[in-house]
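One structure is given below, represented as structure tokens, and several questions about it will come after.
Naming follows writing order (A, B, C and D), and every chain is counted from residue 1.
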Amino acid sequence: MGSVKVSELTKEFSGVHALKNVNLDIREGEFFALLGPSGCGKTTTMRCIAGFEQPTSGMIQIGETKVNHIPPNKRNCGMVFQSYALFPHMNVFENVAYSLNIKQLNSSNMAAKLPIYLRLLNRKLGKYPKPIEQKVMEILQYVELDKHATRLTSELSGGQQQRVALARALVMEPAVLLMDEPLSNLDQKLRHSMRNTIRRIQQDLGITTIFVTHDQEEAMSMADRVAVMDSGEVKQIGTPIELYSKPSTPFIANFVGTSNVLKGTVVGEENGYSVVKGHGFLIKSTNHVQQKEVNVIVRPENIKAFKPGTISSDELTNIIEGTVLVSTYLGSIVRYDIQVEEYQLVVDTTFVPGEAILTEGERVQLTIDPERVLLI
Amino acid sequence: MKNRLSSFNELTFVKVLIYLFFGVFLLLPLVSVFLVSFTGQPINLLGSITNSNILQSTIEKFSSASFDNYEKIFTNKTYFSAVQNSLELAILVSLIVIVMCIPIAYGIARTTMPFKRTIAALCTIPLIVPTFISAYAIIIMFGRAGWVTYIYNSLGGEGMLLDPYSIAGIMLVQVFFFFPYALWPMVAAFKVSDISLEEASLNLGARNWFTFIFVTFPLAIPGVISSALLIFTVSFSDFGTPIILAPKDLNLLVVEAYREIAGFFNWGGAAILTVIMVLVAAFFFWLQHLFTKGKNYGSVSGKPKQQKLNDAKGLTRTLSVYSLAIVIIPVLAMLSIVLQSLATTWGKNPLPNGYTLSHYQTIFTSSMGNIQNSIVLALGALILSVIIATFVSYFVVRQNSSKLDFMTSIPLVVPGIAFGIALIQTFNTAPLHLTGTALLLIVAYTIRRLPYMVRSTMGTMRAIKQDIEEAAVNLGATPLTAAITIIGPLMLPGIAAGSILVFITVIKETSISILLAPADWAPMSLAIFQNILRGEYYTAAAMSVVLVIIVLILQAIANRISKNQL
Amino acid sequence: GDQDSGGGDGKGEITFYSPETPDMTKELGQKFEELHDGSVNVQYAGTNVLVNRMMAEKDNPQGDVWYGGGGILPFEAAVDKGIVGKYIPDFAKDWDTVEDGIKVKHEDGKYVGVEVFVLGFAYNTDLVKADEAPKTWDDLLDPKWKGKIQFSNPAASGTATLMVLNQMMQRGEAEGWDYFKKLVDQANSMPDSGSAPTKAVSMGEAHIGVGFDFMAYEQKAKGESVDFVVPDKTPILVNPVSIVEGGPNPEGGKKLIDFLLSKEGQQILANWYHIPINPDVESKTPLTLEKVKSHAVDLDIDWVNENYDRVRNEWKEKFQ
Amino acid sequence: MGSVKVSELTKEFSGVHALKNVNLDIREGEFFALLGPSGCGKTTTMRCIAGFEQPTSGMIQIGETKVNHIPPNKRNCGMVFQSYALFPHMNVFENVAYSLNIKQLNSSNMAAKLPIYLRLLNRKLGKYPKPIEQKVMEILQYVELDKHATRLTSELSGGQQQRVALARALVMEPAVLLMDEPLSNLDQKLRHSMRNTIRRIQQDLGITTIFVTHDQEEAMSMADRVAVMDSGEVKQIGTPIELYSKPSTPFIANFVGTSNVLKGTVVGEENGYSVVKGHGFLIKSTNHVQQKEVNVIVRPENIKAFKPGTISSDELTNIIEGTVLVSTYLGSIVRYDIQVEEYQLVVDTTFVPGEAILTEGERVQLTIDPERVLLI
């Protein structure tokens, strides 16, 4: 009932092609992420599903129903807007209670409607029934805003506002939940706990969820499947592990996590390894491909860096020489940019306190396990 | 634009209702007026449907219909100069008023200027004073025997400081007594702007005034243009002032229309002039439409910001002094009216010859019922206009219903007397026999004053970002519920501004009241007008003073209730 | 105007249209109610508004009696519009249509006069001495009044059109237009309302104002420095009353008209400084019908009716 | 000239204490980050510096000047607003050119001012001079928006809008640059390149920069120094490495990167190790502290997890037993939540393709190097 199917969706804004033949098939209860560079059409896709944009062409189905002509308020799609879209004249509690009020409104008879309208117009004009109050306060506790329930939304910080937007969409328990960068303004700790909250509610209620995030880690750790978009097109759909380990194009390899991409030509085979020759290097891979001209993809954490002469004996395949350009300390790891011929390779090593970090200008030897060299 | 949903929903239903309302109570009567321009005689369209006698006479009238009236009017060159004069006057007045009001509007909406509440209160007074009375007040001040002239002469001046019996005199009255029509919608437009944009501008190195001109003001432009149009039509269709000040070479379209019908019962001629006025107004609406198209900036965003008031001392003081300097003129005029209301007689001397409270006594013994009627009728019209205007603004801004926009603005330029007569013609018999009921009076008031409400709510509506409404719809609200619970409250500044205008203008509305008010519903304004009619200026002045006091009290109460709206 | 208000016996509600002073009209209504059964519903508005209203209501008239309009001209016009009915009360049965040059009732009984109006000059007694005040229409052209005179605008006001037509009749048209060319130069303002010049005189805004007698005397009675001059030869008119054609309560309406001409009714008019037409009632002003008769010009009402629109249009073309 | 000093800054909003005695001393040209949970006062601090909020008490200095009473437009502080605050009536180009117009205006004579006013009123009324046009287009290229220069800002995606806000602040080359989560709506790739752009411009011009981010990695990799705030107070200021390796409180340890915090009591010394006893564990640390009651802080990447019996011989200190609760795949690493007595420990291990991931419910043995156990 809550599955979402998007077929050949195209959307044009006065000349701008925001979406081109987008196809998505999202299963009921799935947690689905849209990933892609800024301006690639993620928000537009969501807005089409929610019913705020009329597609130029294409079909959208929710459950078994074609919804192209169903008005947005009948689609039962909760949405967390990228711009929050909070109601500025209502306080936190009222913002969150809005959809519950509406639900009650729709299910009550004429006479009972009046007090609901009154309290919607002004909080002083009506008391909220206990169940609504409880439900709202519960969700506010989840997003850690219960103490701010009576504040006006204009008196909140950016992150607090974002959490109100999140709570407002979650409380309505929609069949489909659309979240457009719902956690972008939260710190890591809070984001972590919000993720768990979202996940829990989503699973408890079996809500089909589509979310946009620019945060790799978030997409990877939360999503059942991920669609990578670029320039209005869907480039690849798959589980996080599929995308990470088998990206279908260099663009995706690069977009989903960091990758080093080198151009080369397959020159032959040796002991079951494909041998690729590039400008200034020779690399072996366990990967086999049809074509001659290939992109060699290596993840930063799959390259090891050694001071010359310190390579251990079991690391003797795929040795490349280079010079350290920059070293960046990233908490638990150290990231090196290393110049190898015309390429700048990114190499991540685990930071070991006390152990010296390679310094800029230093010569290094790099090794790559052939099993972790992807050819596409 | 965005809501191109084909399915029929509640909002569509509301829209149909609104069209129906305007169709029956505005367009149908106006069509009758238009037909009158051919027949020269009243036409009862609704009556013809149900009553065969009326149908008979209607057919007769049509059989004698001709283009005579048109021929007469278009071969008469005085009408062309009347159109030209009226246009010049109205355009000049609206330009002056807009420029004059911007600083005051900003001061009231966005700063903590000293005496803000006082200034705001004083700025409603000019609206309350009936035009006839304010024109008289100007004579009392600037006339040959006026006290300003007296002071001017004793300071060595020759003749009059400013000749009130001239186009300049008319402009003086219109500028200083009509400016609140533009001021309040402008205040609303400034109120809804997004403070963080101004902060961004300051942050980029721009000064306060610079930020105002290039950020704050452009964002308020839709509201300002809307106000300008309002003042244009108010000035264009005002006949009270020119008739009282009566420059000898006076030749204005509205006065011509008024005379055709009032002096000569020439319905045909008046109808044509009304048609011309509607056409002129239509042209300006089209211009406005052209100008504000694509300017829905939406500064009320879904990332709410707190409104901060500007408290820079130099600025607020300057604004305060400036605003006081502007309102001092109507206030002095008002004081002159107060003096007149207390005078036994007031002849050629700068001050009255004696003082008495008897005029007030007269009012309180004879007119209490009228006061009560006024308030009830005005409240009725107010409620009706708030509801209709909210939806009309919604349709106009969100769904681009420029037809509706134009239709709700027509009443601005139809002379009250013409509209009143049209209503009587249409509702004098079954099937809708409403003449002589308070209901028709309220409906007429509403239609006539609704444009003020629409103008000012539309400005605010344009400032509300679409996504806020989308969020409501997304949370399950029907577009109608979203409009009521989200858009409505967010438009409050505009509604408040419009309410002042509607309430006050209904309270002082005369032309409709004269024609339609049944005896037991006679409002205050009617009593004032009747006094003026018979030269009872002292009593009329006293009534105006009472009117002003009543409105100020009501306004204070409304403020108390709604707290932060003004 | 409800369905049940009509009744053959003249009882029930009588709707009384009047543009004359509201308080006076109210008094008339109350007095009638006191003396007869039936209630009077007074609807006051400007003459023009009332006429327009009657025209609009023609298919279903709401009024019963129409009284007053600054003289007979609006009534003459209304006859053609078919909005006034026929009724001559017993009191006026014996009157000639025109007496002493004053048309006191309609030839077919469509209206009857209830009081007398004199067109003349109001002047401000603080600014103008009684003996200096103009005595004839020609006196108005005296250079000493330049910029000190007001008269209402003939393009708008019936009072002023009457003045124009009268001069045309007396002087012939060419000379008449000459006269007004000069008179317009003398004026400092031409308001639309017939009573405005008198008011301007009492305010000191004008020295001389053209208007009807009662306007000035009403002001004077209030203590304003105003007095009135009856010019040598000037239009004198009756202010009439009519029954509304097809009105809901014709019997009641007739009774009300009878009352207006009765002593009680006329006394009220006199109290408001109008010149009564009933000789049994004394005028409160220095003027009486007897005294002013001799000033009356011979007004050819038919000529007036025929030329009204034409002259007004010419005026507009010449002076605007 | 561009140093920023904040002394005892306190800000109250009708009863809410948003800032309490904040002290910051930011050197000229420094790249300074504000870090802290949502609602802790970061935005408020910035707004006080920019001059949009009047402090309840305290002093703010820019360079040598006390600026408390200098209006915002004279402070020469560029700001990227958390809410963007783009001018809706101007297109992208005009938004960015705004400050350049103002600069030109201030430096030109009367006659030359007119064309500037004209083009500010309406883009059709005046041509922009070449230098301004070039400069704007250059910065738009940096933020990859040169193709959208003539679009209205309402026609941009969320991330594109954010980049306009960034470009608008950068182009004015202010003495102090304040950035409130300037990159929160950008994908990782773009964020990476934006960071480089910001860094380059900042260093070229020696702009003192204060920025807020909720992104650990961003703060760590970009900032010279970081201040960690909580509930309106500054808790610690230091370089990223200092904060990571020597957090002064468990809160900071937890906030700056993930930490495992265990409560324990120092029971003695052994071979130069402090020995800490907690509920169900005994841990040795090279760290020495005065007090008895301590918090034991261990970073996830400093814990190793083994299937029972597979521990290598050189890892025999600090062995703890536990049960795997959850395992999360995060691209290059796998994160385990492991139950140890009453604690849930977070453990990160490098993901080795092909190697089995520990499954939920499995028993594990954990080891911790005593050198990486922090006692506070």
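Descriptive notes on the structure:
Just so we're on the same page, a contact is a pair of C-beta atoms (placed from the backbone, for glycine too) under 8 Å apart; a residue touches a chain by one contact, two chains touch by 3 or more.
Predicted model only: the values in this text are computed from it and were never measured.
When the interfaces B-C and A-B are ranked by how many C-beta pairs touch across them, B-C comes first.
Averaging C-alpha coordinates per chain places the centre of chain A 88 Å away from that of chain C.
Inter-chain centre distance (chain B to chain C, centres taken as mean C-alpha positions): 34 Å. One finds 54 Å separating the Cα centroids of chain A and chain B.
Counting partners per residue, chain A has 83, 155-156, 158 as the residues that reach two or more other chains.
Those residues of chain B in touch with two or more other chains are numbered 301, 303, 305. Going by the touch rule set out above, the chain pairs that meet are A-B, A-D, B-C, B-D. For chain A in complex with chain B, the touching residues are 50-54, 69-73, 76-79, 81, 83-89, 98-99, 102-103, 105-106, 117, 120-122, 152-156, 158, 161, 165, 168-169, 172. Within the complex formed with chain D, the chain A residues making contact are 13, 16, 35-39, 42-44, 82-83, 155-160, 163, 180-181, 184-191, 214-217, 220-221, 240-241, 244-245, 254-257, 299-301, 328-332, 335, 348, 350-351, 353-354, 371-372. Across the complex, chain B meets chain D through its residues 194, 196-197, 199-208, 210-211, 214-215, 218-219, 295, 297-299, 301, 303, 305, 312.
Listed in rising order, the residues of chain C touching chain B in the complex are 1, 19-23, 41-46, 48-49, 51-53, 55-60, 62, 77, 81, 124, 126-127, 153, 155-158, 184, 187-193, 195-196, 198-199, 202-206, 215, 218-219, 222-225, 309, 312-313, 316-317, 319-320. Residue ranges on chain B touching chain C, taken from their complex, read 41-42, 44, 47, 51, 53-54, 57, 76, 78, 81, 139-140, 143-145, 165, 243-251, 255, 258-259, 261-265, 267, 344-349, 353-354, 366, 417, 421, 424-425, 428-429, 433, 435-436, 514-515, 519, 527, 530-531, 533-537.
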